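In this document, chain identifiers A, B, C and D correspond to the written order of the chains, with residue numbering beginning at 1 in each.
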Amino acid sequence: MTFVFEVLVTLKPGLSDPQGKAVEGALPTLGWSNVRDVHVGKHIRLTVDADDEAAALAQVDEMATRLLSNPVIEEYRILETEEA
Amino acid sequence: MAVVEQPLHRALGLTDDELERIVQTLGREPNRNELAMYGAMWSEHCSYKSSKIHLRTLPTEGPAVLVGPGQDAGAVDVGDGVAVVFKMESHSHPSAIEPFQGAATGVGGIVRDIISMGARPVALLDPLMFGPLTDERNRWLLGGVVAGIGGYGNCIGVPTVGGEIHFAEPHSANPSVNVMCVGIAPADGLMTSASHEAHVGSSMVLYGASTGRDGIGGVSVLASATLEEGAQGSRPSVQIGDPFAGKLLIEASLEMVEGGLLEGLQDLGGAGITCAVSESAARAGMGADLDLDAVPLRERSMEPFEILTSESQERMLAIVAPERLADVRAVCDKWGLASAVIATLVPDGLLTVRHGDDIVARVPAASLADDGPEYDRPLAPDDVAETSEDPAFMPFEGDLHGALVAVLSSPNIASKRWVFEQYDSLVQGQTVASAGSDAAVIRVPGTLKGLALSSDGKGRFGHLDPYLGAAHAVAEAARNVAATGARPLAITNCMNFGNPERPVVMWQFSEAIRGMRDACLAFDTPVTGGNVSFYNESGDSAIWPTPVIGMLGLLEDYRLLVPTGFIRAGLSICILGETFAELGGSEFADVVLGTISGSPPALDMERERTLHDLLHEAASIDLLVSAHDCGDGGLAVTLAEQAVLGGHGFVVAVPGDLPPHVALFSESASRAVVAVAPERLEGLAELAAARGVPFASVGETGGPRVVFDGLFETTVRELRDVYEGAIPRLLGEDV
Amino acid sequence: MTSGTPRIGPRIGVVTFPGSLDDRDALRAVETMGGEPVALWHADPDLHGVDAVVLPGGFSYGDYLRTGAIARFARVMDGVRVFAERGGPVLGICNGFQVLCESGLLPGALIRNRSLRFVCREVHLRVETTQTPVTTDLTPGEVLDIPVKHGEGQYVGGAEELARLEGEGQVVFRYCAPDGTIDEAYNPNGSTNGIAGVRNAAGNVVGLMPHPEHAVDPDVGPTGGQPLFASLLAQALARV
Amino acid sequence: MTFVFEVLVTLKPGLSDPQGKAVEGALPTLGWSNVRDVHVGKHIRLTVDADDEAAALAQVDEMATRLLSNPVIEEYRILETEEA
């Protein structure tokens, strides 16, 4: 079976987030001064073949730790979207 | 990573004796904030407690030296009213767990050291050491570190013009990431404690990034005690670099310096605010009133000790007289940098720290900055060379052509194009020579002067003999600079070693310092600064003892630069210096004979010195068309590189009666291969004779073929494919 | 304003955004080629009466979100937009090119290099059209040596948009072999059709990834940038 | 009121995605040959003050078009997470 997952990789809390800061700094000049706590991370979408959803999820989880993120500075979240 | 049951001071890395010292200084028990401050300031990293007594033996004076060790970076007078500021530092430990950010923040840190001297950063060099590329993790580390150095350096507009990379098993667990930064300032405009006087009542302005909980590694034990369970785990041990903020810091800081707005300037590095405030105050012979509530924070409810020791990146501290405050704030605003007056200089030597209505710490500033402990740690010799076999006497039946291909394709020797093409080497528009030259050469704007820059470490030699390893590193760095026609002026360095509490490591360190000292004395290249990186080991496997030397040389006229490669046909090729049966620690012995043993080549400092003088003199009368120092890989590799770099082959008859493989691959010191127009051959011969440098005319440049007369032949094309293709192939990229 | 000071040639403005890096180099190149360099500031919409505008290389605002995404909103860009609409010559180099694309003043977009690595090297550029202020002194098919140095120089766009560009001769430069043939092996970033530079429909706004300002001084590099600046200065002078 | 949104910015289909390709290329060497169609995009998280959710959403949508994404090459999706 085929499953589609989205992995959201974000910086650990406490780390400075230059990208987020840059966006936050730009928004007021565009007229939005009502926005706070902007953080920029990665969004990875992938399609996995596996026997069942649990197996697929387990694999994506391992990919996220080993390849898609560096646990030293990042955390991740996995969304399962639709079954393709 | 549970907090072990031990007294707080030990958890903070302070010994019982050190605690006793603190109690005596204060006349009372320190509170936890004060303990955190001493713990950070008296750490090996900040206090140099194990290395000081050895570093003190280094020659640091010379006619050209404006600023020696003790400041953020050393400075040398190169004439025309120009001062060159340079310094090297390591960021190996963070890079081992987050290569990109670890290396990036390393660049940011050394750049701020240069800025804090009032100099504009004009060049970066990056000496790196990794484990073998056959290992997936080492490839990941290399890729991340190189991308990180480029990611920061390219983004702040400072060209990365040189560096070096070596690969060796001991670095698999502990890669070494050193970065050297060079800056330029008016000789009379340096921001040194000597040249700038701070006054009572002057403000300390913290500007740049806000202060967060990141980079409080040292005191995180304290933090864990105060944080709910699990928070410890999420506490980041690496920081994220913000090169954009770094670029703004450069421009804003230099605008303040050039505007004469400052009494002092200090970067924030190890031990954060505690270090910057106490050092500045101590240098001014004063104390300071520090108000933590004034520090712009990135996170709510930070504890005093966290604010005091946070090593958040991209921050600087300016000492400003009251009447200049408005101007300084204006410059920060112009560049979009936050700024805040966090402290005031006070006459008594006390650093008083306030938080809310409380005084949370009160200690003598100098006791933090200057009165750190100092240890004469035990030494235990471990002379590898003595006890191992000399490869020069090992049998070799293989074919020489195959051997050259093997050595040339060793990643230690092969082209580092994959790396240096990831660095902007052109920005600022002064780069006359970068990768592919023995030393990088950049112009000093507004003059004809060229700065020749080289960084060299000799890990394998150091492993066999730490004294010779260090001496050879200085010699090779000077030779590289001399090969471009420049005169070696002064060095900075980074000492990469294992755990200093182990007598063997401490012995290696003392031997390396001795070797560096002797070489620097012989070459008149004083040590203007550097950095010590200890604890590069895991389990009991330490890295090879490796001092990396950053050499500054001067070309009076950059147009006299001597290129490395054979850029024309029909030139006479000469070998300067003498080749001996010295394969100990050579690339050939490692790659072809499969042994790292024996003694490194001998080093006769006077012979070496005369070679530098000859190269410099010959270049100054425009005698040389091409010159290349003869080092790693020996004569064969030196000639091969000159052919590949210049695009012209050669026919050479290898002189002497050594066995061919020894003659071709011996790494004897004090040698260079030069090419001259035939009609100038005589002139060079006479000059060499007058200087007493052994001289041999051995062949001619030209054609697509590379011929070692009577031994073997190949083509420039084959050598180029081997030389350029080796590293991409190891990284699994189609070439 | 430098009104009153004697003119030493066309006045070429170079914008400095926070994070601009090659702005000084561009100013120096203008001077070397005989123009009068005028430094322009991102927060000032006034172009101070310059005859041409250069948006220089660098990493404006860090280029963290997307290259040029934030610089595009700088106040100086209001001035640049009006200047461009009136037919004024505008040259975007590297980050400047990225800013022009983000602003919609040039078509297409620039994404990460195919290799995912920053690349700094000398490349060969084939001139595709003389219908721009920087190529009037050149002839189509001519090959120039100029360095590139960027991490996000892969030029992309919608299929029909690209077809239109090609059809209407809006491609100004292509990466090529030394002899001018188009060959992927010489494409440093994977750009579609080897596109290194483009112009707007009117032809007065040009952007390219390579750095002509780093190719005017023979002591520190190739000289392929000289004819570009020569053309730009001539065109700017013609407007005086 | 305060609202937290997540904006997912992805490359338009058909455009070359060097990052996605790199991840896809790396997975098999780590032992996963059952993964396809890997795409790497951006994840932006921001906190907005607005009178009501509709107003907040409308603003985020405009930010996404004007700043957070480049319509020439990217598309975006907005998730509202929790009300902070």
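In this section, contacts are C-beta pairs under 8 Å (C-beta built on N, C-alpha and C of every residue); 3 or more make two chains touch, one makes a residue touch a chain.
Quantities reported herein were computed from a predicted structural model and do not represent experimental measurements.
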item: Selected interface, A-C versus C-D, where C-beta contact pairs are more numerous; value: C-D
item: Chain C and chain D, separation of their C-alpha mean positions in angstrom; value: 30
item: Chain B-chain C separation of Cα centroids, rounded to whole Å; value: 36
item: Averaged-CA centre spacing for the pair chain D and chain B, given as whole angstrom; value: 40
item: Overlap residues in chain C, where contacts from two or more other chains coincide; value: 61-62, 64-65, 70, 73
item: Of all residues in chain B, the ones touching two or more other chains; value: 242, 244-245, 336
item: Where chain D touches two or more other chains, by residue; value: 42, 67-68
item: Touching pairs among all chains present in the structure; value: A-B, A-C, A-D, B-C, C-D
item: Residue ranges of chain B in contact with chain A within the complex; value: 97-98, 101, 209-210, 212-214, 234-242, 244-245, 298-299, 312-313, 336
item: Of chain C, residues touching chain A in the complex; value: 61-62, 64-65, 70, 73
item: Chain C partner contacts - residues on chain B that touch it in the complex; value: 147, 150-151, 154-157, 242-245, 247-248, 335-336, 420-432, 443, 558-559
item: Contacting residues of chain A [partner chain D, same complex]; value: 4, 6, 8-10, 20, 23-24, 26-27, 30, 32, 34-50, 59, 63, 66-68
item: Touching residues on chain D, where the partner in the complex is chain C; value: 11, 14-16, 18-19, 22, 42, 67-68, 70, 72-73
